[in-house]
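Dropping the structure in here first, questions after.
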Amino acid sequence: MLRVENISKSFGDKKVLDNITFEVEKGDIAVVLGPSGVGKTTLIRCLSSLETIDSGRIEITERSREEEHPVGLVFQNFNLFPHLSAMENVAYPLQKVKRLSKEESEAKAKELLDSLGLEGLEGNYEFQLSGGQRQRVAIARALAMDPEYLCFDEPTSALDSELRDSVGETLKEIAKRGTGVIVITHDQVFARSHATKLYELGTELKRVR
Amino acid sequence: MLRVENISKSFGDKKVLDNITFEVEKGDIAVVLGPSGVGKTTLIRCLSSLETIDSGRIEITERSREEEHPVGLVFQNFNLFPHLSAMENVAYPLQKVKRLSKEESEAKAKELLDSLGLEGLEGNYEFQLSGGQRQRVAIARALAMDPEYLCFDEPTSALDSELRDSVGETLKEIAKRGTGVIVITHDQVFARSHATKLYELGTELKRVR
Amino acid sequence: GKKETASDTWADLEARGTVIVGLDDTFVPMGFKDENGQMTGFDVELAVEALGRMGLEPVFQPIDWNLKETELSSKNIDLIWNGYTITEERREKVNFTTPYLDNQQSIVVLAGSDIMDKAALEGRAVATQNSSSALAAIEAEGAMEAFKDGNVVLFDTYNDAFMDLEAGRVDAVVADEILARYYIATRGEAQYRVLEEDFGDEEYGVGVRKGDETLLEKLNEALDAMKADGSAAAISEKWFGENIVK
Amino acid sequence: MVEIMEMMPLMLEGMKTTLWVFFLTALFSIPLGMVACTLRLSRNRALQTLMQAYILVVRGTPLLLQLIFIYFGLPLVGVRLDREVAVVIAFVVNYAAYYTEIFRGGVLSISLGQYEAAKVLGLSKFQTFFGIVLPQVVKRVLPPVGNELITLVKDTSLVYVLGLGDVLRAAKTLSNKQASLVPLFVAGLLYLLLIAAVTFFLKKTENRYDYYR
Amino acid sequence: MVEIMEMMPLMLEGMKTTLWVFFLTALFSIPLGMVACTLRLSRNRALQTLMQAYILVVRGTPLLLQLIFIYFGLPLVGVRLDREVAVVIAFVVNYAAYYTEIFRGGVLSISLGQYEAAKVLGLSKFQTFFGIVLPQVVKRVLPPVGNELITLVKDTSLVYVLGLGDVLRAAKTLSNKQASLVPLFVAGLLYLLLIAAVTFFLKKTENRYDYYR
């Protein structure tokens, strides 16, 4: 279980997160809604240790594996590696972290890219990909690592409705396989149809469903 | 009128735009829908002369002003200037291109930023802004230049529904004032409620409405 | 520092059979590399002959002239032999053999110059080589106050100084007579004129490490013998066209 | 100690030369490098080639020879320069070539999106370069620019070939005279002080650009 | 022409020295600079200060004095090195400091997002540096690295202080002997050729990194 207890976070004297508490279990799809600039991105950056929290604690219980980074993250602006092709973006961490062979990692990368509708684009670099294609490479890269918890920062913002559905299906699938999924989105439809837990972030974090 | 006649564009041997023809008049809100990776971004990059077209022509008739760049563009990934604050991002081009004084340009910038819900963030730099805030700064910067035609590449992808509506209203307003507006979006609701012309880009560009 | 660790290395040298001679291998005509990379020059031939008589073989080690005493005291070289002018300051650090060559600090002007004597240098631009004994001689006479800007124009090599003379930016060059002679001969006699007056005499000697008394003694013997039997004169005639060894 | 006091007048005299050569070169070569960089990156093929040739020749030959060429070579075609003028010209032309390459590296590392954004806003090439690109480039190239500035401090000693007396030459003269290495190490210390000042200034400038990422 | 042919054996002899000093220094100083850069940027305060001191001292004093120090100074503490070994050590330690700064500039210009992406994927610091950061840095720093490589070609002539004969010293000898500047210009030409080769190699490398923006 990923348990967040009373965390707060400020930038300078601007308090962005104020005493937030919630928990996500494996198999959950926790969706966080909230207006622009309220602190959603900051929240999941805290979960994946990219920001240091000012107070409170974040705890992961019942670890199934001993891994350096149990909380994965798909960034709002993707952060692809520009010197690596779409395929290498996915395969490189598999080789280095999961210690897969080149062939294994590339097979797995290809499979994931294909499932997200990117067949034929394996060799493209970031600058040769459209906005939605970049977003899907970023999703594939995070999925490949198969972390215990996986955060998605507006994962469908650049996708058409068909792809939005397909990404939704993917999230359901990995949740079923035991991943704890946290999704930030502005897409009400997506939220209502996929969330097992629905939160709204305002001055506080409110559970809606 | 912005008239696009039979333009084609390939990257290497990949044909992205094939013989596209359409026209946008001042006052129009032309919305372009289409699946991810089909060429929407490429199309509006051609309109604003960021890509050279392989064949066909793009023509602007009845110019009301003699300006270097009659077609503005809000980029899918914003392209804010990181060394300038939110305010300066909007004010700098006003000073340099429109030759406004520092005070005038900043007054105008502040007004635009406020209208997009960014009051209090004038002094923030790109790295201090959330995704949706960046998107709105980019919109403000483009609006400030008041070009004859203005393209928006998924201008509401990072915005909550309230802000989406407000941006929609803004687009309507500038169209009414005589700007030709071209919008790429994956948001069906937005498209149906605001478009005066609705296109779908697939293997060809089809007018839907 | 003046450390009293001075020791006589003669036994080592004899056992090794070689003596390392430090020299600035760009110093024509005293010691330099010829076009094939062979060390040659007046001092070099003198050293080969003298050390040969002592049953030793010279090894010529090029050094930076600015570091000669350091090279000697750190035992990287055993002798400094390269038109090495004897001065009081140097005597404090190094032992000298008896002088083997006289040198004057000549004043060279262009053939058509109106400068006829030392007095005429007043207000004129005078050049020489940096760190040279010519500079020391000028300073010793306190002559530079009279020159243009109250200073001597210093070049890294005499080559540059003579070129500036030809370009007309300096009016006179003060140089070792031996070098000036070589330079004038190579560039063309007619271009230059050497004044009668000069900036004084000095002597060349071989520098030996303090403490190496045996080496110094044997070297002095060998040089004396060469002067006596005319072999030194022969080398001098080969390089300078006359015998200037004293 | 007495020895060190004795050498100070000559050393400080040399320091003056070192300082003016340094400041004049830094002052002119950096802007010249910026301008040359824009020409080097221009679309005009002829200009590109010209700048490449300039960079190749200037970086390709020792500054020492360039000094000799300007001072001793140009009089042969009737251009007779003062020592000081020759020194400044040679140093500025030389260092500008290195700065050109540094700025080129910086300019190429700015993302295309920055140019595109400037273009669709209607900014001129000039405005784009000086308002958008250069401020971001300066932040990125400060460390290599620092390298060149520091190399320059030490390269000033090359003025000896034209008969000017800088601090290193003063040290060499004294070293010869006293048959000791101490003057050279004192000169080293003076360089160190000067370069520590330059390093400090560079650090300050880096901090000043720290307001954004 | 005959004169030029005559001088070639000595010049080429000198060229050998120039070349080995260049290649050995380039070979060792660049990797050393990369390693020093990671230490300079580490979180450890002591390491940071240590590296800053190293950079200040090494850039702050002339390579000439460093050569003298290593060759003549170290024997005082019992370390006696061959001329060649002393040259390589001094050059490598010196140039590595400049490369450290260049790489530092490059590393700082990589966006934070790249590190964050690497971190959440679980890549180690080592993997992040060598797999993600360095390849992007290399592309960006090639022009200033080129500057230093080219400066190095010419700095090799400093070996004269330890009595090694490089191409410039050969030229000076010949110049004094022939009382002419021609040998110096021939040496200039040889430098130019060598640096043209380095420039060509750099250009090729730049092109090789052109596959992405």
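Which chain is which? They are A, B, C, D and E, in the order written, and residues in each are numbered from 1.
One rule holds for everything that comes next: a residue touches a chain if its C-beta (ideal position, glycine included) is under 8 Å from a C-beta of that chain, and two chains touch if they have at least 3 such contacts.
Predicted model, so just to flag it, every value in this text is computed and none were measured.
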Response to the item:
Intersection of contact sets, chain A vs chain B, gives none
Practice prompt. State which chains count as neighbours of chain B and simultaneously of chain C.
Written response: D
Worksheet entry | Inter-chain pair with the most contacting C-beta pairs | D-E
Discussion item. Please identify the chain with the largest separation between its CA centroid and the CA centroid of chain A.
Written reply: C
Fill in: Relative to chain B, chain with the most remote C-alpha centre
C
Worksheet, complete the sentence: Cα centroid separation, chain B vs chain E, in Å, comes to 49
Item to complete: Averaged over CA atoms, how far is the centre of chain A from the centre of chain C? Could you give it in whole Å?
Response: 80
Practice prompt. Averaging only over C-alpha atoms, locate the centres of chain D and chain E and give their separation in whole Å.
Written response: 18
Item to complete: Please list all residues of chain B that touch 2 or more other chains.
Response: 77, 127
Worksheet, complete the sentence: Note: chain C residues in touch with at least two other chains are 66-67, 70, 163
Discussion item. Using the touch definition from the top, which residues of chain E touch two or more other chains?
Written reply: 68, 72, 111-112, 139, 181, 213
Item to complete: Work through the pairs of chains, note which ones touch, and then classify the graph as line, ring, star, complete or other.
Response: other
Worksheet item: Hey, which chains are touching each other here?
Response: A-B, A-E, B-D, C-D, C-E, D-E
Fill in: chain B - residues contacting chain A, complex
11, 33-37, 40-41, 76-77, 117, 121, 128-133, 136, 153-154, 157-164, 186, 188
Discussion item. So in the complex, the part of chain E that touches chain C is made up of which residues?
Written reply: 6-7, 9-10, 13, 68, 72, 75, 160-165, 169-170, 172-179, 181
Discussion item. Which residues of chain B touch chain D once you look at their complex with the stated criterion?
Written reply: 48-50, 67-69, 71-73, 75, 77, 79-83, 92-93, 96-97, 125-127, 141-142, 145, 147
Practice prompt. Can you check the complex and tell me which residues of chain E touch chain D?
Written response: 56-57, 59-63, 65, 68, 72, 98, 101-102, 104-105, 108-109, 111-112, 139-144, 146-148, 150-151, 154, 157, 168, 181, 184-185, 187-188, 191-192, 195-196, 199, 213
Worksheet item: In the complex of these two chains, what residues of chain C are touching chain E?
Response: 22, 25-29, 32-37, 61-64, 66-67, 70-71, 74, 76, 157-159, 162-163, 182-183, 186-187
